[in-house]
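This report refers to the structure that appears directly beneath it.
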Amino acid sequence: MTRAKVTAPGLKRRLGWAGLLAWATLGLPGISAADDVNSTGLAVTEDTVKVGILHSITGTMAISETGSVQAEKLAIEQINAQGGVLGRKIEYIQEDGASDWPTFAEKARKLLVNDKVATVFGCWTSASRKAVLPVFEQYNGMLYYPTFYEGLEQSPNVIYTGQEATQQILASIDWVVKEKGAKTFYLLGSDYIWPRTSNKIARKHIEKKGLKVVGEEYYPLGHTQFNSVINKIKLRKPDVIFASVVGGSNVAFYKQLKAAGIDLTKEKPLLLTISVTEDEILGIGGENVEGAYASMKYFQSLDNPNNEAFVKAFKERWGDDIVIGDVTQAAYLGPWLWKAAVEKAGSFDVDKIREVFPGIELKTAPEGYVRIHENHHLWSKARIGQAQKDGQYKVVYETEDLMEPDPFPEGYK
Amino acid sequence: MFADYSMPELMSIFAMQGFAGLSLFSIFVLMALGLAIIFGQMGVINMAHGEFMILGAYTTYLTAGLFENVMPGLYGIYFFVAMFLAFIASALLGMLVEWLMIRHLYHRPLDTLLATWGLSLILQQAYRSIFGAREVGVSLPDWMMGSIAVTDLVEIPINGLIVMVLTLVIATLVYLLMFRSGWGRQVRAVVQNRPMAEAVGIDTGKVDRITFALGCGIAGVAGAAFTMIGSTGPTSGQLYIVDTFLVVVFGGAQSLLGTIASAFTISQAQSTMEFFLSGSMAKVLTLLVVVGILMLRPQGLFALKVRR
Amino acid sequence: MKTTPSASSLMSRENLYFLVLAALLLLVFPVLLDAFRLNLVGKYLTYAFVAVGLVLCWGKGGILSLGQGVFFGLGGYCMAMFLKLEASSPEATASQSTPGIPDFMDWNQVTELPWFWQPFHSFSFTLIAVVMVPVILAFIIGVAMFKRRVGGVYFAIITQAIAAILTILIIGQQGFTGGANGITDLRTLMGWDIRSNEAKTVLYFVTSGLLLACVLLARHVLGSKLGRILVAMRDQEDRVRFSGYDVASFKVFVFCLAAALSGIGGALFTLQVGFMSPSFVGIVPSIEMVIFCAVGGRHSLLGAVYGALLVNAAKTGFSESFPELWLYAMGALFIAVVLAFPNGIAGLYQRYLMPLEKKMLGGLGKAANTRPTAAARRMEETP
């Protein structure tokens, strides 16, 4: 586990820092006044600071990551318009991970070693994050990771701005049990780590309540034939289909569900998804998912002044017909959280920022108030929305309090 | 696992599952027919076959948009126009590709594999630049969605039926074209003995071009049909390519009938196994069995008696 | 750079080319490149192992395998399993519910190390497995298919299907394989930290050295009688068969050899990159590796190395400056190599640079003047 290592790179850095100080007192050239806010040789000048954006522009993941790139750029532009961070304009260097995990690691190393960026916003899939993680730990960089994911990780070099699995799952299952009287569940997902882990957490939670999981099934990524599983669902008649199907498979799944005569608006069975954001609905078509419930922390339709301003700015920058999903919003938080942390620490140094992280809060987030937990995840609310024909969600429930992030839930430690 | 269910429930489930297998079958046939012509008859390994299908799907998407905005009254029938346009678009692109690239490579089949793989990369990026990286949703007229309830439990999806009918029509047309028309005779003559065909005055270059275009065109129609059940994105085409090739090879590449029979075998096997196993394992097992049989019987199930 | 061992002057020319490559890898790159770039080159070189293997079985033997990623991946996974076990010592994983097993197993409620992981506690077993696991799989595939005279296109498609099967299987068996994320967070090799810059430099030299050794081995094989039978088989299989040779066995051998090379490449890849994932096992990487070989020149061992280096360097360079253009460039490269330069860089070199070189040097014997061009011409005629 990575937790034990929190102090090790920090110590090493500080020694390096002492060395640098000694160098500076000797009066060698090349040391500018940027020192007091940057003692680790980051690309920070009197009026600029460089950051990295690392997502897939090409390849299969480009579909998903586009929104995150747009959100991060928007946040950076807005911060610059407000005068930047510690009086410095943010300049971003964008690299393409090309949906290829070693490329992610390679580009992360380039950003940290060659470009000396102060921080990196990026990654989308778990696999890409796992690939860059050793690089960030080795060079003591800081990554802001936007996607909701399976948890089971907590690195001193990553801030997770999306939800870990329990934040998405527990409250939503409680809700369908309490409000909809659900007793039986059918778990269905794409075949990779996130759906499998999520379903394990869900199963545990369901069985703890004395309720029943009547089926659990996985299909390869990109699979487009769901007739068999739909037949099984019809046979076992669960109250809830708990779906974590991703990517292109989504389109096939919902279209075939509808074609097979399962009308989600009738809620028999009810469909609860943790993978379909407004982004995905664009591809699936609103009429095919109408009536499904999604558990997220953010919906574009959230009714609060922060979100109104955010949606307006986003559309002005990237076009009117764009939709904003949960991950896009989480990506938007990255630069703002970084700015808040830098200003609190009074420095761009990663170690100093890490020390001030717990308790960093953002009152102006589109999703509402968020705060960074000691475990580097965000305290945030869980919300349930019901998909509408126009491709938007109608928020039907939100937790009263912020949900505590718990990346290592019971039974996984 | 059957103990929990009543007899009528079981019967209806078998009926539904049988139908699921049939609709998978028609999808396999649609995917494979175009390739069976291009690969089986012409010997060209077209790795860009999936991208030709996606071209059909994007054509359908554009047509849907056009009808919605310009002539909403006719929206109910747009799909048939879209299919026709998809055929034309893919066939034209196919013709161009044949002229620029494939015709130089007929004597080097393995090289067509590399070149068409390159083509598929270019097409993917082109789709991405034109239509954006996100998947597009193609909406269908209401009458094409939904299902016919036969009994309480048995419901037949309408779009599945449409795909089946479409498959039947296209397969029949291809059969008539290849085996009952003068042009089909020319194609078969060129495939069997090129110099001889040239000697009796067949314009082999033209036959090649049109055959290739026909194969691509059918791929386009398949792509149009897929918008009913699957997704349309720049890289969607890649998902189909391995399955498609296996169907063609398994059937015995030179035999169109073999392709259909192999599509039937594979689809039934897969959908039966999907019912008893998890989706991923069903897929692995199906592929393993197919590969295993191909190792034992490399000429495929229904090969002509030719030793290669 | 066809091996015609009778001409001694040509041999010396071949040796010269080999020395140039050796100097480039062992001297020029380490001096000119910083640690980051050198590590990149080291990664590219691991693909060159696969490309060299492809020259043997595709260029010389006429067997196009679209499943080389499978062997690369298997070699890589063997090494990754060893490193993961080392990283998962009971002390390091004390916080897990079952200490001493890899973290992803713990998350998947696997409570005991599966039997096929057990032997990977041993480094010597791992080294053997890196070569033997790919070889055994290649042997099974090869015997099943070549004995039945399956070749060409069919072989390519079936190997491709095998790549697809293995990918789905690895992803599906998450508790035993690490699933889609792969086996990650590998830190040390026998206590030696492989993530430091010094370690990466050492690994670079190990990779270069092994690659050069593999090229020599491949050259030796091609220079032997076996190499000539291989080429004869590619061009006129039936004649070789009628001459009494067991064609299938030769094919199986060369396919296994290519698999072994790929496995070594995969293991070195894992060491340098620090993780292994199913995305190197699938169809796309397998085809990309074929293109490295085709760009370098499918008949030339050294060309394959240059091909792997150049295509990957171009990929990195292009995607740094114009990510959108990269796929166009890559696609165009595929088509251009097939249509215009079927013999790749090596072919271009032989056709354009070699005559020039001869004009300048002039003094080389007559034999050297005629033979390579004749060889080059012969290569262009045979697909």
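Letters A, B and C mark the chains in the order given here, with residues in each chain numbered from 1 onward.
Following the convention adopted for this analysis, a contact is a pair of C-beta atoms (placed from the backbone, for glycine too) under 8 Å apart; a residue touches a chain by one contact, two chains touch by 3 or more.
Protein names from UniProt, one per chain: B = Branched-chain amino acid ABC transporter permease; C = Urea ABC transporter permease UrtC.
This structure is a prediction, so every number in the text was calculated from the model and none was measured.
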Taking each chain's centre as the mean of its C-alpha atoms, which one ends up farthest from the centre of chain B? A
Could you compare the number of C-beta pairs in contact for A-B with that for A-C and name the larger? A-B
In whole angstrom, the CA-centroid distance of chain B from chain C equals 34
Per the C-alpha means, the centres of chain A and chain C lie apart by a whole-Å value of 36
Listed in rising order, chain A residues that touch 2 or more other chains are 58, 191, 218, 220
Shared interface positions of chain C, touching two or more other chains: 168, 171-172, 324, 327
So which stretches of chain B touch two or more other chains? 125, 128, 278, 280, 283
Using the touch rule from the top, collect the residues of chain C that touch chain B in their complex. 64, 66, 141, 144-145, 148-154, 156-158, 160-162, 164-165, 168-169, 171-172, 283-284, 287, 290-291, 294, 324, 327-328, 330-335, 337-339, 342, 383
Taking the touch rule as given, give the residues of chain A at its contact with chain C in the complex, in rising order. 1, 3, 57-58, 95-96, 98, 100-103, 105-106, 109-110, 113-114, 125-127, 130-131, 133-134, 138, 152, 191-193, 196-197, 200, 218, 220-221, 411-413
Which stretch or stretches of chain B touch chain C in the complex? 43, 45, 47, 101, 104-105, 107-115, 117-122, 124-125, 128-129, 238, 242, 245-246, 249, 253, 278, 280-281, 283-284, 287-288, 290-291, 294-296, 298, 307-308
Okay, in this complex, where on chain C does chain A touch? 35-36, 39-40, 43, 93, 95-97, 103-104, 106-109, 168, 171-172, 174, 179-182, 184-187, 195-196, 273-275, 277, 279, 316, 319-320, 323-324, 326-327
Interface residues, chain A side, partner chain B - complex: 58-60, 62-63, 66, 191, 216-220, 222-225, 227-232, 234-235, 247-252, 255-256, 258-261, 279, 282-285, 287-288
